[in-house]
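Two complexes, one shared chain (chain A), two partners (chain B, chain C).
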Partner chain A sequence: MSPEIFNEVCGIAADVFAVDSKTLHSGSSPEQVEAWDSVQHLNLVLALEGRYGIQFEPEEMEGMKNLGQIATLVSTKIA
Partner chain B sequence: MRPSGLRHEIEELLAGGHWHKAAARLRVLWESEGGVPLAGYVVSAFRKIAPHIDLKPHRCAILRSFTVEPIVPVLKACALTSGIDLEVHAGEFNAYAQELLDAGSPLYAFQPDTVILAVQTRDIAPELWRNAASAEVINRVTSQFTGWIQAFRRSSAANLIVHSLETPAAFSQGVYDSQLEENQASAIHQVNRNLRKLARAERGIYVLDYDALVARYGREQWGDERKWLTVRLPIAAPHLAHMASGWMRFLAPLAGRIAKAVAVDLDNTLWGGIIGEDGMAGIRIGSEYPGAAFLALQHALLDLSRRGILLAVCSKNNPQDAMEALRDHPGMLLRPEHFAALRINWNDKTRNLREIAEELNIGLDAVAFLDDNPVERQQVREQAPEVMVVELPPDPMQYAQAVRDYTAFERLTLSEEDRERGKYYAAERQRAELEQSVSTREDFYRSLDQEAEIMPVNALTLGRVAQLTQKTNQFNVTTKRYTEQQIGELMRCPGWRVLSIKVRDRYADNGLVGVAIVHHRGEISEIDTFLLSCRVIGRTVETALLAWLAEEARALGGKRLQGWFIPTKKNAPARDFYREHGFALRSETPTGQLWELELEGAALRCPEWVRLLAAVAENA
Partner chain C sequence: MAIEIRPFSAEWRAALREFNGRLDAAGVFAGMRLPEDVQAEMLPGSQLYIAVEEGAVRAGFVLRPQQFSIRGAVHRVTHYRLPLSEGLIQKRYATLAPMMLRSAIKVEPLLYALGMGGRQQPLPRMLEAMGWSVTSVPFFFRVVHPARFLRGIRAARSSPWRAAAMDLAAWTGAGWMALKTWQAMHTQHLPEPARSKEVEEFSAWADGIWEATHRSYGMTAVRDSATLGRLYPSSHPRFNRLQAGAGWAVILDTAMHDDPYFGNLRVGTIADCLASLDDARTVIHAARVELEHRGVDLIISNQGHIAWQSALRADGFLEGPSNFLLGASPALAKLAGPISEAHINRGDGDGPVHL
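Let's turn to the complex of A and B:
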């Protein structure tokens, strides 16, 4: 995964959660980020789908553990 | 400018406290790439700006049979960039029926201004979604809607927007369906027709043509079956913003964010090329490409003018060159008589826009501005943040669509006055010429040959009366806004009078242009509302109407006529109204002044040059 993709995913997540992107890192997860509830998780998925023109499988949506893993998943889908 | 650059600029404007500029740049950012990814950012940026700029508050409840949470931030961002601070309440999933039917439900506790009933065919009419349906099913689904709408009206005077039913992408009987005269599609269309009829019979109920919205973007593209089956979100990510825009087309007019006029640039906007350089033979306008793109825009503008939106020209040009093209170019659809005001000169656009607003007697915040040049647009945004600047796409072939999609041009009701408005303004220009030619003001009033007809409001005039209370800002003593529903209730209240005034003169029938609402209670009659359209103020019909109110109060045994003047940013023209008519200041509070007229011995009379036709007192 390229750092550009990670930074972009991070920026989108920051917008969705309405937090400063500097507070997010690859290990950021729903447990750590207060705003990251199930509604915001769906918003994040939709924002990424809209931005990259990709679709996540239901299993992939459920399996997203942290931002690093999500960015990797995005990279494989747009590769 | 690249989006990242724009965001950086917005951050700096926010940090520096340049709220209006930041809001203006956010609008550009949103109009160029609005959608789910950006919504959170726009909403949180506006949270900082909101305390410092003028936004219209509006409370919107969404009742739904599907997941709407991801659309809510997009809707809020659309609203904020259109000048509306939207408070949204989403009803419990699939609880729309209970919420509508139960007067004690969270829906009514929220006290919404507008309620959206966002339902889809497969949820509320599964038979219609799966099978060709019988008349019995059509009736059952229709009566379901009837029950909901009636229950809603019993508990709330808010506006209600109901989604129409959409047809499926594939019919249950396949192509055989289209061999039948009565089929699955026609059953759904029949329900929608019934729904429109139900809505028209009630005040403040509107139908959102969900079927047409889905069709516009393509049935298969619109839906996302995975998201529907997993998280009950039936709309694919790229179209969530389109759903939000669909709602905004109703919310903008309901929240009062409407453009009353659109000021249009000429070169490369109304036609292709530059008239001063390319000449009559060189500019591109007509039915063939590339002129066809500009002709399409002119058709869109003509449609706006038929909705009562005034057209104006705001162009940097030599007036002779530009007028020749407007008058004589064979490819033009719009001609000088379509425009209520013309500003063709070398002054800056903001100044011209201010003059146009003044000439048309409307606020600068009711003017939309159309210009192909991003620099001009930005300048206007910065110098006159009230103006609604339409973010035209770079390609002229998309101009017409951009205008048709602009929410401030939407109207939910259209009166006869709206359709004829352009003509009134042409007549006004003639009147202005006459005023120059007669010597005294009284001669001018006499020469107008005015006739005023005062009538209690009735079913035919209710819509226009409510519309006037919503839209009149200048000659309006209390600026109380009423919905049709509320006016209907006032009409039936004992002691209350809701009157309308129609005005004709030798140049035009101005139609219904004024409203007075009076509460008669014993010795005191209080004027709750007194307003006149700016089309007729300054011609003494206001005196005629006020004199008539005094006469009626006297006839009902009243001793004193009272009225509040509540100042707003815009109603300065009405400030001295009561004083000038012999009222005395009775008291003053931080919100306004209470004026009073002793009816006995008052000199208030209808001016001799206004012929008064009054259909008197059937419901006093």
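Let's turn to the complex of A and C:
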């Protein structure tokens, strides 16, 4: 995963969750980010799909448990 | 630990019970549990899917396929039912709901959800985010006993002041006068009310109505006698089947107990119905008269099709706020067209389970 992708994913997540991107890190997950509920998780997925022109399969969504995993998955899909 | 979504099978029964038990222990509303025997309580072909993680069930949903007539052609359309996840009680599973929704639409593209409890709930918000068409199915009511209605309708007695005002209106008779006058002024005279009779079951006569009418609806679930016999079995005492003119209605007469909306009122429901668009008024009138004769306090109905809404208005029904939503997947919405042409009511989806 490139730092550029990770930073971009963090920026998108910060927008979706309405938090300061500096508070997010690779281990940030629904348990740690108060606004990260099921609806906001979907909004994050849709925002990433829109930004990168990709679509996540249900099986891939299983691996989106924290921002590090999400950024890795995005990197893999756009590679 | 990887989470996998798979069709439910018997070896997962104990894990499913544990999942339901965890929701119980956390105080999640009792109506929200995954069914252990999906075939027993729903139409044939219903399938429970579960999300499993190392021997534990973490989420699940039911896909309940039905035949629908859409612009005259029959299609398999599926009800996305009871999506439940442990995300309700453990935030780390919050990611499962979108995953389940994507899985469901991959299996059944012509998918719908119904009810959902209002737009503020997570499911309709997710559906809208995913480009589904989410619309409310209008709610109508007609008051039969104004004093009992004013004293008992919890949904409207939302503050001490409102409750006091409604008590005063009931006590002075002003409420009776206002409601009865309004309803009388807005009830259009029906020149020749059709003959109606209660019937024990749907049989060949119902097939005739189905064949004669379904093409006039943009979308309607198949309502032939075989399907109606499964939805409203004659063994079930709650369902009253009324044959009225060239149509029918299924009506319920329910004494509510401590209901959050209806308190302890006796509520009549026009749950389901079918007729040609021109005969909708006849059926609504017959159902209303029958429920009044039974002594209900209030009659309610949710109807999606504009002809049935017009029939309710012409029979003196008022429209109230509706939290009964129809969500149609993008593929279904494109095929079906506007909801005002879809015959959707409380007979669809889960059926009239909460009434």
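Descriptive notes on the structure:
Methods note: the second predicted complex is superposed on the first by the 79 of 79 C-alpha atoms of A that agree within 3 Å, B and C clash if a C-alpha of one lies under 4 Å from a C-alpha of the other, contacts with A are read in each partner's own complex, and residues count from 1 in each chain.
Definition applied: a residue touches a chain if its C-beta (ideal position, glycine included) is under 8 Å from a C-beta of that chain, and two chains touch if they have at least 3 such contacts.
Computed from a predicted structure; not experimentally measured.
By the touch criterion stated above, A:Glu31 is placed in contact with chain C alone, chain B being left untouched. Touch criterion met: A:Val39 reaches chain B and chain C at once. In the overlay built on the shared chain, the residue A:Pro58 is in contact with chain B and with chain C.
Contacts of A:Phe17 after superposition: chain B is touched, whereas chain C is not reached. By the document's definition of touching, of the two partners only chain B reaches A:Gly50; chain C does not. Counting contacts by the rule stated earlier, residues 39, 42-43, 46, 57-58, 61 of chain A appear in both its interface with chain B and its interface with chain C. Within the complex formed with chain A, the chain B residues making contact are 35-41, 43-44, 67, 69-70, 73, 224, 226, 229-231, 233, 237-238, 240. Considering their complex, residues 29-31, 36-39, 41-43, 45-46, 56-58, 61-65 of chain A touch chain C. Chain C makes touch with chain A in their complex at residues 2-5, 85, 87, 91-92, 94-103, 106, 122, 125-126, 129-130.
The touching residues of chain A, when paired with chain B in their complex, are 12, 15-18, 39, 42-43, 46-51, 53, 55, 57-58, 61.
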